[in-house]
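Both complexes below contain chain A, partnered by chain B and then by chain C.
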Partner chain A sequence: MYTINYSIERVSRVLQTVDSLKESEFPYKQSQEALEDVERVLQQTLELLTDTHSFADQDDFAELVQTVCSESLETIFNYLPLLGFILRSTNVRNAFEVHGPVSRLAQKLLCPDTKLLVSSEWDYSPLAYVDIPGMSSFVLLGLPSPESSNPLLIPLAGHELGHALWSNLSLTNHYYDSVTSSIQSDIDDHNELLELLRALYKIPCDQTDMWSDIIFSSTISPAVTWAVRQAEETFCDFMGLRIFGEAFLHSFAYLLCPGEEYRQVEYPNIAIRVKNLLSAAGKWKLSIPAGYGNQFLPHSASPPFVEESDKSQFQLKLADEALSRHVNDLMDRADQYVAEKDIALPNKSVVSKIRKKFDLTIPAEDSQELGNILNAGWMAYLDDRLWSNYPHIPSDVRKDRLRELILKNIEILDLEQRRLGLQ
Partner chain B sequence: MILKGSEIARQIEKGQSPKAIDPLVITPLPDVKAIRESGSASVDIHLGTWFRTLRRARIPCMKTSQSESKTGGGQLFTTEHYVPFKESFYLHPRSFALGITLEWVRLPKNLAAVVTGKSSWGRRGLIIATATGVHPGFSGCLTLEITNLGEIPVEIKLGYPICQLFIHQVLGKEDDLADKSAFALRRKPIFGAAPTDAISSLLCPEEGK
Partner chain C sequence: MVDTLLATESRLRATDNSLPFLAAQAAVELKMFADGKRTDRPAGVRLSHLIRNSVDLQEQTTPRSLMDPSTVSVMSQALVDSQWSSQKPKTVDELAKLVIKLANEMKSPCHTTERNGGLKPMMDFCIALARYSSAYRKAVLSPRRKHPYRK
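This part shows the complex of A and B:
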């Protein structure tokens, strides 16, 4: 009976941790509500564990204990990181001013009931938790801790919200079928690929049903999975660009350029990502920063396991090819979806007006959309002559002070949106 | 010379022009019509979202020689708090906190200002911004020193008018010199470094280091 008692104690201790977290200073009610949702899930788990005792006289009691305890452990594995996320969302290092405007953007984009948490992660990569069981209305956005007060990286939230949208629209299923067909026809249409497939996997020449379940799962299934993941990342890049315009290009470069040596198979090669972004920027008539593409170096090495295996190299090639056939579709889908939600591209004249205010060291009123502020912010950030006519602002603190000004501008936008009755 | 409400309103309106080069700006924009018609000689300023309270437990005392941290916040001595809109900050008797104005204020080179608490809060024991001077060229949110001298805790709602800005004309040549205060271009209250000068360096050489 140790198993069940240990399990009950484990879950109880996590619940005690929830109790202590409830005493945090919450910057907005969503952090508290997320905590309450996690508590509910854990309490249900605890009740299930406690109820298990009442089945002690049943023959399959041992199996039942095994199952329930194993599930409870999985619940802890899944939800404890979320508690850490919620706790970090209360840290004053975060730029709480962005919560209101980004929440409203998420509600417009996803669903009016969407609840957003913005937090900081001890991982140098923005991330999103979406579709969390028991917390379906929540989207959790994490920015790298050192950048959690940097408003210039908020455009990356556009990419992360793209993941939530991808999930809401069940696009994995849609693209799974489409990518599978694309890869199969690629092989069917190109004899050299077919020969390579047969040689790599030792498929006999008299095997005519090339796409039986067994052959499919042992040959191209990983390629399909990788291509679909790459399609999701590509879609999310387009979402960030479509919502935030040029500012997304800058924040993308800030975070990623020149790129790492090793490529991850779930992402397109960085050079392809940049090419796709620039292609969309051209299509949507956005300004492309001079020399933008030159900031990135193509991944010089595949992931180690791909390098070592001919089969993985073959599969990655198939995935990359399949993605390239879907890029335009992904671009149009992102554009169409954002347009349907009445989210306009940043407005050049408003951006210019805000930029002029930044020159005068003041925030702007009537910025209308977050994207306008962030584009003006990036323009100011990239201007070497910013505040050169204000000698009392030392040049080494100008960028920090600009970030302060941008955040104040975002707070003013929040106030204006509240005046319009937006929650 | 203190500017009257009508003149403050005129200067604010003038500062709204896209052609303004060195404007007086208060953002969010106050009710200019109300200022003009008030007959007063000040602008009400509201309480913002960030606060700092002193840490009591781990610092034996605050020495004047201890300078602010690199981030300017004085994290060694203070704890930062964020209070969202629609909520309140509670200041207990004989407690001290740094607050911040909701408004971002920019003064041109020919104007200076003095921040004083509103008497309605003073009568409740709350002393705010003891005659803080704001120099020409300042731009940013104003750090407020808030103390509850009363007997009972005071609830201060965010967004309430908490202090007032008296704006003065500055006489003398308008040159490029402007406020070098470290408080400029900030949205959070900061602790700042204790000031030193030639006399303090002479009399307290250790402190001045």
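This part shows the complex of A and C:
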């Protein structure tokens, strides 16, 4: 009975933590609502444990009791980091100015009742928590704490919102089917792959209708899972690029270049990611910064964490090949969704107008969209001569001043959007 | 295109983050149902719906699996482990037939009570599904991505 009693107490104590967090001061009501959603999930878990407690002394059901307790522990593992996220969303380190415009973008892209939480995270990678059971209307967007007040990295939110869109549109189902067929065809068409697969998994050579065999068809499951994850990441890169244009390329490079040797299996290797981005940029007639691709490693090493490296190399090769067959489809899909959702793309003349205001150290009015401000911001950031004729702005503070100016411009955009919303 | 994709029904997916908890909930509901302590089984009905949607019956004399390879693997292991059926599926088609039966019986468990010696085999299937799906997701993703909702 200890297991079930401990489990009940653990969840109860997390619920007490939620209660104490509710006493915090939140800058926007979404944080409070997110806490209430987490509380409901934990209450549901507690109810399941309480039901389970009623038969926990019956030996025949010991395995069921353990499974429920294990799942309740998993719930704590999954939701406690979200509580930390919600708490950090109150931190003054965050750029609260961006919340309104990014929320409106998310609502337009996803659905009108989408709720956005932005927080600074202690992980040097932007992240999103999406598709959270019990919190389906929420998108939790985390930026690395040293950069959480850096508006120049907001274009990366386009990638993260892409994950929420992927989930909303159930694209996983579509790509699981398509990727599975692609990998099966690849093996059917290349005898050397089939021989390698049979050798690696010690499958007899007399298989005829091999894909109908459960054991045989299961051998490619890691490749399928990884390829679908890679397809999602690629789609999200395309979403960020389509929504924010060149500014996405700059923010992507700022945070990721030159890439790391460690290869995460859920991502294409960095060279392929960059190649895909540049291919989309070309198709969408965006300006590609000179030497952009050279900022990145030409390849990434293979995953070191899988013990059976021959098998994982083989699976990764299948996944990479499957992804390459879907890149154009993902690109077109991102383009089509942005158009269907009527998301305005960065406008060169508006960007140029804002850029000229930045030269004068003042924010612009009527910026229309976040993407316009961020593209103008990146142009100014990359201009070595920016404010060189203003001696009262020493060169060592120029970038900080520029970031503040961009945030001020976003604040004005927020007010303009609110005013439009009221009309 | 958006509307078409939105209309796609949910299917059972071994990598679905909420599957292990749902399966555990369904198992507890069955136990409470067997003990006469509850009559509704929302998690069981939802799980039955997901399983049912993993097989295509339209215009087919034999059911066609819509399960991806990882779901095929997890489902077949859960079925064999739980001994819900004496038949051990060897092919995806055999699995699809069993899955249809399973979904129907999970939706209306009272019909299975006498034939299968109580609800225990169905409960055991739910437990096995919870365990295998939880283990699969953790095994196949890299260490940085262990949080299920993090992207």
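Here, the second predicted complex is superposed on the first by the 370 of 423 C-alpha atoms of A that agree within 3 Å, B and C clash if a C-alpha of one lies under 4 Å from a C-alpha of the other, contacts with A are read in each partner's own complex, and residues count from 1 in each chain.
Here is the rule we use: a residue touches a chain if its C-beta (ideal position, glycine included) is under 8 Å from a C-beta of that chain, and two chains touch if they have at least 3 such contacts.
Everything quoted here is computed from the prediction, not taken from an experiment.
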Worksheet item: So, A:Phe96: does it touch chain B (first), chain C (second), both, or neither?
Response: first
Fill in: chain B or chain C, by number of chain A residues touched
C
Fill in: First, second, both or neither for A:Glu74, with chain B first and chain C second
second
Practice prompt. Determine, under the contact definition given at the top, whether A:Arg401 touches first (chain B), second (chain C), both, or neither.
Written response: first
Practice prompt. Could you say whether A:Ser352 touches chain B, chain C, both of them, or neither, answering first, second, both or neither?
Written response: neither
Worksheet item: Regarding the shared-chain residue A:Ser136, is it in contact with chain B (first), chain C (second), both, or neither?
Response: neither
Discussion item. If I apply the document's touch criterion, which positions on chain A are contacted by chain B in one structure and by chain C in the other?
Written reply: none
Worksheet item: Which chain A residues qualify as touching chain C in the complex?
Response: 48, 51-52, 54-55, 60-61, 63-64, 67-68, 70-71, 74-75, 78, 81-82, 127-133, 160, 163, 168-174, 176-177, 180, 209, 211-214, 217-222, 224-226, 229, 232, 236, 264-266, 303, 305, 333, 336-337, 340
Worksheet item: Where on chain A is chain B touching in the complex?
Response: 25, 27-28, 92, 96-97, 353, 356, 360-365, 390-393, 401, 404-405, 407-408, 411-412, 414-415, 418
Response to the item:
Residue positions on chain C within touch of chain A in the complex are 1-2, 5-6, 8, 10-11, 13-15, 17-18, 20-21, 24-25, 27-28, 31-32, 35, 37, 66, 68-70, 72-73, 76, 89-93, 95, 120, 123-124, 127, 130-131, 134, 140-145, 147-151
Worksheet entry | In the complex with chain A, residue positions of chain B that touch it | 18, 20, 23, 25, 27-29, 49, 80-82, 84-85, 104, 106, 137, 139-141, 176-180, 184-188
